[in-house]
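What follows is a group of structures, each given as structure tokens.
In what follows, chain A forms one complex with chain B and a second complex with chain C.
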Partner chain A sequence: MSFTTKVHTDDGVVTIRLTGELDSRSAPSLNEIIVEATESTVRRLVLLAEDLTYMSSAGLRCLVFAHQKLGRGVDIVLVGATPEVAETIRLTGFDRSLVMQGATER
Partner chain B sequence: MAGHHRLTLRGGEAGAGRRLADLVAALAGTGGLDARRSYWLRLAVDEITTNIGQHGYRGQGGLVEIEGAVEPDRVWVRITDEAPPFDPHSHDPGPRLADGVAHDGEGGLGLYLALNGLDRLDHTYVDGRNVNTLVMERHVGEVQDTDGGTHGGDDRAGGGG
Partner chain C sequence: MSRSPERLDAFPTHRIAGFGVRAGRPLPFGASRVPGGVNFSVYSAGATGMTLVLYRRDEVEPLAELDFPPEFVVGAVYSMTVFGIDAETVEYGYRADGPFEPERGHRFDRGQVLLDPYATLVHGRDSWGGQRRPLRSGVALDDFDWEEDRQLRIPSEDLVIYEAHVRGFTRHSSSGVDQPGTFAGLVEKIPYLKSLGVNAVELMPVFEFDELDNERHDPRSGAPLHNYWGYSTIGFFAPKAGLAATGRLGMQADEFKNMVKQLHRAGIEVILDVVFNHTAEGNELGPTLSFRGLDNSVYYMLTPDGYYYNFSGTGNTLNCNHPIVRGFVLDCLRHWASQFHVDGFRFDLAAILVRAPNGAPIPNPPLLESLAADPVLRDCKLIAEAWDAGGLYQVGTFPNYHRFSEWNGKFRDTVRRFVKGDAGLAGELATRLLGSPDLYRDRAPTASVNFITAHDGFTLRDLVSYNEKHNDANGEGGRDGDNDNNSWNCGVEGDTEDKRVLALRDRQIRNLLLLLLTSHGIPMLVAGDEFGRTQHGNNNAYCQDNELSWVDWSLAETNAGLLRFTKAAIAFRRAHPALRRPWHLRGHQGDGLFPEISWHGERAWTPDWSPGQRLLAALLYCHNEIGHDCVYLAANAHWDSRELELPALPDGMRWHLFADTARVCGQDVHQPGEEPPLADDHVRVEPRSTVVLVARNTEE
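Coming up: the complex of A and B.
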């Protein structure tokens, strides 16, 4: 049950690849990365989620945290979420606050 | 009753995630739940257990017993704790979610996910203990002969703290 991230920043676009399981234990590490990433100007936050195999409410709150840190003018794009992760986001209505691309439908 | 599993946690949530996931995976496998329903059962167990640790025991740790089994018509997981009485149904973040999830602050999100992902969650408070029973019904195609599926047992894993 590990969770790893890989961060790439290019011209204000922060891309974070999420791998593994994002739960109450791993969520603080993602919050730290979000804090670091938002110390400079961010135009867009891209989260690559193809390999994010699990996301609990703690992970969902990371997305909420990022949304609050970045403000409404900055897009958060979630790419390739698994059906379960995408369903979790939609169930809580947070899909209205980010852009979901390439999420697998079930 | 097939595939009975039991797990006892005493030190709060630290390190429990993997064991909880393994327990649910074993139950879901025996019960033939599909990937989606297995995922949501695991999520519900995770959320309820995390909520007990963070809010019921206020992060100080306490006894959490988890057991589960496969019945002909359902897979169930029973989570028992000694925290103050708390019925997950009494905490409904729905009105806040209607205004956007960003307005939801504390733990209600997890309970909301758990309650919506399960087929049923029953809560009782008996002899100073909360007893939450999480149920996933077994659909046609998921129900197979479970008599030979028992590979569980007593997976006690007490910890300090």
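Coming up: the complex of A and C.
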């Protein structure tokens, strides 16, 4: 399954909806989007992950990359990660870099 | 923020096997991510050619084989930058060309794909005991956010070390953790470690090893036995994937870093047990995994006819004082100190690090000198197991450069023998109590890592429950394991219902713990000893990946009194600077109440050092800005009780009881600061008992 993103920016809040498989092949494209997003002032980055079917370690590293790009003052929120992804983030200490939330109401 | 065009200072100059490449950077060795690709660098003094073999993650057949052209070789270093590959998903290895001439030390074999000695990840044993895939090298990324973390740099005299096996610590069903047997599982036990009071964990091997490389079987069940302890390294720069809950995702390095960071937040240092005396390749019959195929005659100590010296007892001996191997060891420890924030290292069979390439001990081994003076390692604790399997015993004489501490085997033996009742040991015990100045006179007491038990040998509970080792389950016909244990079963071998025997064992354990935790030097406990862990008499559980050796946490409730006692003894040590002296004793300092140490007996100030005595009574004293710190210790290993006159205190001070191992559980120890006063200036020390007192102001 392919990987697609939909970006929405509103007053410094960048929301990216992730769909499909985020793995080592698709991770570079997400990194590109993060780089583009950081060209304007970002207060908060929200990643909607409810429609992700798979996230590999390379996908997790995109979150770390975003954290590095945006710095510690910017909240990174991961919404609706699967329990497995959330657990891996916790075990590797990456939860220090982001806020995890349950799925949004749609 | 605007993006400037990336400057291209590295671009492909060649195409090899379909990949754009260029001559790489020789340093750093290993594989490192560079813009647009990965830089590979490997050295071999004896090879005549080298091939980089690339794989896609989890695939058996190579993606490509890239021969190093001559212009990519500088000296003995083969380096190549490969563009267009992803460090996260690539796996790799090397084929080294060269002669197979064992009598001249060469064992090149182009048919083998070798691990990179500098590989920061090793793939192929991704979960513990799981499917065995070919071993491949991988590239760990360096994007972990350490925030403000750094090495804790706790003064050595304040350390209380807790030795643990990462898997065994939480693998038992009673551990109650979500991720049993892993680095993440250990993180879940940090609150426990804090409540116990230890401030350093010493982890048994965590470098990648192959737990399936043991060929022995359980003689009763026939089940294969694992190489559970892992003193058999295959990847010195790589945390073991099978000890990580996220190993199957290749995230073991991240999980390890998170463990270190969380331990540091709790004020607990991380010391690694490192095995540089041999590798997993064994002797000439063993597998060729990496070193043998890259530079056999460099990495191993060889006999004149090309066989392996075996000072490690495991088949081969790493040639640590060869200049190339020395650099390798140094690079490895720098990696763990800088990339993983590790606080110290315990060197397994460290006497081997003192040997020259021909096996002879040398007085100024260059490896140890380099480690001692290295700027990256400056704040790391360095601890030597100062003996080897070739008969070199260097406790007290290990070339230390005022940097290495030693596992003090003489402390262990003396305290064990004294407590079990051997005669003539009070004098030697006095020396051990003071940090063994006979061995470490020119150094600090912290040169002595004091221990009663370690992973090798009996657990503390078994030390007072067995006269003989019971190693049948190891499948070696009882030939393995130490025979010289200085243990005493208190009257019955092994399990018993006899209440008097059980009570005596409980008391002996407390006697041993109190002597350990009141002695100068660095005390070390073994995980589970604080609540009576048993291996049912097995004193060499290296292959017992099962309930025989895993820490059974239900014992923390069964033996809650012992756990409480241990916690109090650790807290008492931390509360009393007189027990944590950073220098050897200097006698009376003029302005204090007492000399720094004084010896006593049935009458105060009158010790009896005659051989039949089994009593040691000592007053440890120090005076600092907070006030006077006076601790009185009396250990009676005799079968009769003793009435001891106590040294007189100045007006306004009285002796208070911290611990009396003869008292029933619940009254055997008091919380530091809440010790009740004694009725008068005498104390009765019951048979085979230890009493610890503290002087305090009466109005307190």
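A few comments on the model shown:
Assume the second predicted complex is superposed on the first by the 102 of 106 C-alpha atoms of A that agree within 3 Å, B and C clash if a C-alpha of one lies under 4 Å from a C-alpha of the other, contacts with A are read in each partner's own complex, and residues count from 1 in each chain.
The working rule: a residue touches a chain if its C-beta (ideal position, glycine included) is under 8 Å from a C-beta of that chain, and two chains touch if they have at least 3 such contacts.
Not measured: the values here are computed from a predicted model.
Of the two partner chains placed by superposition, chain B and chain C are both touched by A:93. In the superposition on chain A, contact of A:9 is made with neither chain B nor chain C. Contact with both chain B and chain C is seen for A:24 once the two complexes are overlaid on the shared chain. Shared-chain residue A:83: touches chain B; no touch with chain C.
In the superposed pair of complexes, A:38 makes contact with chain C only, with no contact to chain B. Once the two complexes are overlaid on the shared chain, A:61 sits against chain B and chain C alike.
Common to the chain B-facing and chain C-facing surfaces of chain A are residues 24, 56-58, 60-61, 64, 67-68, 88, 91-94, 96-97.
On the chain A side of its complex with chain B, the touching residues are 1, 21, 23-25, 54, 56-58, 60-61, 64, 67-68, 83-84, 87-88, 91-94, 96-97, 106. By the touch criterion stated above, chain A contacts chain C in their complex at residues 24, 27, 35, 38-39, 56-58, 60-61, 64-65, 67-68, 88, 91-94, 96-97.
By the touch criterion given at the top, residues 1-3, 86, 88-89, 141, 143-145, 147, 179, 184, 245-246, 249-251, 254-255, 257-258, 261-262 of chain C touch chain A in their complex. Residues of chain B touching chain A in their complex: 13-14, 17-18, 21, 35-36, 39-40, 42-43, 46-47, 50, 54, 97-98, 100-102, 104, 107, 109-110, 112-113, 116.
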